[in-house]
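In what comes next, chain A is part of two complexes: it sits with chain B in the first one and with chain C in the second one.
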Partner chain A sequence: MNEVTNIVVEALPQVQGYVYPNEAGLHPVWSTLIVIYPYITGLVAGAFIMASLVRVFNVKALAPVYRLSMLTALAFLLCATLPLLCHLGHPERCYEIMMTPHMTSPMAIFGFVYAWYLMAVLLLELWFDFRQDFVKWSKTTPGFQGLIYRVLTLGVTDLSEKSVRLDMKMEWILSIVGIPSAFLLHGYVGFIFGSIKANPWWGNVLMPIMFILSAIVSGIALCVFNYIVLTWIRRKTVDMRCLDTMAMFLFYALLVDAVVETLDVLHRGFAAEEGFAVLQTMIREKLFYTLNIGQVLVGTLLPLLMLGLLQLLRRRVPEAARRTMIFCSGAMIMFGVLMMRWNVVMGGQFFSKSFRGVMSYKMEFAGQEGWLISVAILCLPPIILTVLVKLFLSESEHLKPSEHLPETGANS
Partner chain B sequence: MGGAIAGLFMISAARAAKAAVQTVLVSTSAPKGYDPTQHKWLMCVDDNKCIGCGLCAEACKKENGVPEGPYFRTWIERYIIPKPKPGSGQTRGEAIVDSPNGGIPNGGVSAFPEPTLPKDQIEHAFFVPKLCNLCENPPCVQVCPVGATFRAPDGAVLVDPKYCIGCAFCVQACPYGARFLNPVTKTAEKCTLCYHRITRNLKPACVEICPAEARIFGDLNNLHTDDPIQKFYEKNRVQVLKPHLGTEPRVLYAGLDKEVR
Partner chain C sequence: MKLPPQILRLVLVAMAIVGSYLIARAVLTPPTFGEYGWYRGAALNLIASREPVFAGKQACDECHSDILHNLAKDAHKTLSCEGCHGVSREHSNNPDILPVKATGSHCIRCHEANLARPVWLKQIIVKDHYGPKCTECHLPHQPTKSP
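Moving on, here comes the complex of A and B:
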């Protein structure tokens, strides 16, 4: 009996100070699944913004990664709602969010923003971009794969100059619509947290903005990562002009993100509102490693330093070293943004809303809120992306070196 | 375009149908004939009277079948305010707060252990009953993605367990820690003011059992001259919890200390 009691005591969260009795449950109600939900959504928004740089802002140096970025956005978007779905107590009732939404709820509105983004923006833009290729490939590819291409043309096989021009015009329009949509998509995820006024760690008007900026940063980092990995797998040479331009955008996006997040910290410190003491405890103790080491040092300062150095000394750093530095920065930023999501989601649940106590918990391995299912969901988008790349990104056609200098920052 | 318009029509038709079904079949446990528009329920707590016996929390668990463990629709908090350290320049020491098992007595023995501080070092000690604050602007209702949690016209904030999807957004949004996810039904749960009782002219279980009459319950729309609620209002200056959040609670306290959140 003693053993059983010990197990129960060990499984119960450790509580310091006073927490409301209902808060002393077995684990935080939002666990690792809700950590990866904004992470995946952010990668989608970021990858799309990255692709928009080519389509809307005409940064031609990034042309080799345009389609890769779009497919990355699609692969991750298809999995974006999975963590939410798995987390629900009654997933079989999830359709109610769309069928009878409660319009004041940020979560309900997110369902529509998601549907709009997937159906009206991303899939449409991809289709207009790939339509001519679908027509060509459906004629040259035999078997099942050819059938897939044929189906994907949706019967529109017109390749006349007029129809191609229409495709391009539609893509441009969709990209322009897509940028605010991507901001809305991830801004809304930030709003889910920022709207909770009961929780000073979350309830903050800067939250959607911080989510959008960190999303852009993580999305570009993911595209850098994917591009280098894909060229390595395919034994192709990396287009350094493209990679350098990505690194440049990554650096500036990260810089803006870091400034806004610092502003948030300064504002909190200056205002020192109710509950500030417990927030200090969070930074100093409960989230010390994930916030100070993971998010700030590894995810922000080191990549800023490396990418900043590259902006200053690009010509003096050999290509191989540059490639490695950019790759490492991308990987560290992706890790840092994951830590940021952890710090936001878990940080908001590590203290009591009475501001008199803090809680900690042991992460479960299996079960609905265990980290195994979160890791499995995180592995899904790369698998989907592999299939998409295999189907739609042929080795000869794409990832070829850019023919033009970037119009933005060409001399940097 | 036509498809989109047709889709919108379908969604609005489905919404209308669902709303119609909901108004008829919504699970509130009220008897037939109960008209929520004819009542305005109010809960008041005279904090000077609470003796911390915890019978209210125990009665609530039994009456409503609340699961064992850290799940409470109502609970009792104990506040111990130490005297300030000499020369500290403070008016009082840092409050010590606890609520072991929600204050529910253990087989007739008080749930609250003897204070660790010697009596001569304690300036004040008091108990505070807590429950859903029946907000006029409930954040929990605002965030529910499907509208499973709602505010009835009589002021009660209720959850339809047949409709709740168990996302726990409301648990996060409640500033008072009054909500939890039921581990059995996997839906959100909270104090309903014993809706199955008050709609049958009975008092909530916690009010019924309170030996000190610290909890006062009534209907603002049907006040009579010697109504306890009326007396409570006349006798006391009242306060609410966390007023700065703008939730406008309908649970009113008399005799609260500034330490209570």
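Moving on, here comes the complex of A and C:
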């Protein structure tokens, strides 16, 4: 008797209310790895869209961060599939999804969306942007590093005006192709959640849109963060015009994102479909800290307040204070979007399909699904980015300020 | 028309990538893939060739026909022997290997009250029921009878 009674007694504290027998012993199968996976893809898409502001919409003030944001997107994209591979348990079989892709499988198609975005958009655009530099650097840099540059030129050393013009044109075309691709890349993640009809927390047509908007927000925040950190490490002064412009875009993007997410909540409340009661419990109890405190307060309201204040007062705030405020908002937004991913991914697994009970979840530390490995994966892109920045953003050439501000002229 | 040099290189690189994908696909797609559907045709034989682990009720009939007979008379007639006794294929081939000892705990796997269970299944709340040792009052093979 003992063995079974034990199970019954142990299983019960993890659940409240009415859950199906097969849900009682189960903890969420999609854990922290699946939380950081949309987070990373979102950062990629956001950083890319931020870079496109320079190329497509010709926002000159952002030019100093163009390359940094492109490299950020690349560094994070290289790690975007890692959480999934770790989660699968048989990472060595991952190629099979590409070998026999099925058109009705979103995961299979994602393989191609990902490959397209990495190879046809990001790498190509970076290549065209850096090509002239590769040629120059390959001539001046000795040793292994020089060899890397030489390989990257692909053997083309043509720097005539005609070919440089062609590079510019190609970059422009690629950016234009890139924006829908970035939307596709991240909209797809929202698509996967949004198409789970049986789960009222996920099955929602607004899901892809909310994912894209939060992606843009987190991506811009990441660029702000990286830019400030990089100038700090290199002991340069921040180009305030560029930073203010980023803060402005961050503010508007966050505003739109907040409005759409509020709309979603209002709509759910008004429609009050059958699962709504349990969703309310989730918001009040299970996700109280991550949703109300993490996502709404820290990730949205406080940054909105700070950035909004900056929009109003602008030059009247001293530069140092402005920098700190923007930096803090960026960091808070990045944290808030991580919380948003948590709320989406975990939230959908905390309640019973009966809509009358909730389960709980205790995070594992080590182990295949533990949060240690998630943290390790999250640490990887910054490391890759450091290498990329070392290789491709030389101190003298990069982070040069836009011409308009004489006081930061010391940078170049 | 002559392609500009950088475009030409990129076209070559792209062709190399697509080419290696196609070659990889040709080499790595399992030969019987798609024979019947979106899976390896050979998988069917592979699965069919696996040893079944359950023996099935008929296998027990040879030596325990009395129990089969009793079981069929009472409320547990729809249950399979191995549902309570566990996988017994080895035992039915060689009676010296005994199946895992069935204990009373098997009973509450199915009979412990749970709202999610269908109402037609008789349920008890174990701590409110007559006692914890089910087999003292219920014959497992004829649960409505007492020993």
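Throughout what follows, the second predicted complex is superposed on the first by the 387 of 412 C-alpha atoms of A that agree within 3 Å, B and C clash if a C-alpha of one lies under 4 Å from a C-alpha of the other, contacts with A are read in each partner's own complex, and residues count from 1 in each chain.
One rule holds in what follows: a contact is a pair of C-beta atoms (placed from the backbone, for glycine too) under 8 Å apart; a residue touches a chain by one contact, two chains touch by 3 or more.
Since the model is a prediction, treat every value here as computed from it, not as a measurement.
S.K.: After the chain A overlay, clash or fit between chain B and chain C?
M.R.: With chain A aligned, chain B runs into chain C, so clash.
S.K.: Taking the superposition as given, does A:L124 touch the first partner, chain B, the second, chain C, both, or neither?
M.R.: second
S.K.: According to the stated criteria, A:M325 is in contact with first (chain B), second (chain C), both, or neither; which is it?
M.R.: It touches nothing on chain B or chain C.
S.K.: Which of the two partners, first being chain B and second being chain C, lies in contact with A:A198: first, second, both, or neither?
M.R.: first
S.K.: On the A-aligned overlay, A:V29 touches which partner chain: chain B = first, chain C = second, or both, or neither?
M.R.: A:V29: touches chain B, not chain C.
S.K.: What is the contact status of A:L302 with respect to chain B (first) and chain C (second): first, second, both, or neither?
M.R.: In the superposed model, A:L302 contacts neither chain B nor chain C.
S.K.: Could you look at A:L88 and tell me whether it touches chain B, chain C, both or neither (first, second, both, neither)?
M.R.: After superposing on A, A:L88 lies in contact with chain B but is clear of chain C.
S.K.: Considering only touches as defined above, state whether A:P106 meets chain B (first), chain C (second), both or neither.
M.R.: first
S.K.: Pick one for A:V260: touches chain B only (first), chain C only (second), both, or neither.
M.R.: The answer is neither, since A:V260 touches no partner chain.
S.K.: Give the label of whichever partner, chain B or chain C, reaches more residues of chain A.
M.R.: It is B that touches the greater number of chain A residues.
S.K.: Touching A:Y18, do we find chain B (first), chain C (second), both, or neither?
M.R.: both
S.K.: Which of these chain C stretches, 1-9, 37-45 or 55-63, gets into chain B when the structures are overlaid?
M.R.: Once both complexes are placed on chain A, chain C clashes with chain B in 37-45.
S.K.: Where on chain A do the contacts with chain B and the contacts with chain C coincide?
M.R.: 18-21, 96, 98-100, 102, 354
S.K.: Any idea which chain A residues touch chain B in the complex?
M.R.: The touching residues are 18-25, 29-30, 84, 87-91, 93-94, 96-102, 104-108, 111, 192, 195-199, 274, 348-349, 352-356.
S.K.: In their shared complex, at which residues does chain C touch chain A?
M.R.: Against chain A, chain C makes touches at 4-7, 9-10, 13, 17, 21, 24-25, 28-29, 33-34, 38, 103-106, 108-109, 112, 114-117, 126, 132-133.
S.K.: Over in the complex, which chain B residues touch chain A? Could you list them?
M.R.: Answer in residue numbers: 11, 14-15, 18-19, 69-72, 75, 77, 95, 97-99, 101-102, 130, 139, 142-147, 163-169, 171-181, 185-187, 244-245, 261.
S.K.: What part of chain A is in contact with chain C in the complex they form?
M.R.: For this pair, the touching residues of chain A are 1-5, 8, 18-21, 95-96, 98-100, 102, 119, 124, 127-128, 131, 154-156, 158, 162-163, 166-167, 170, 354.
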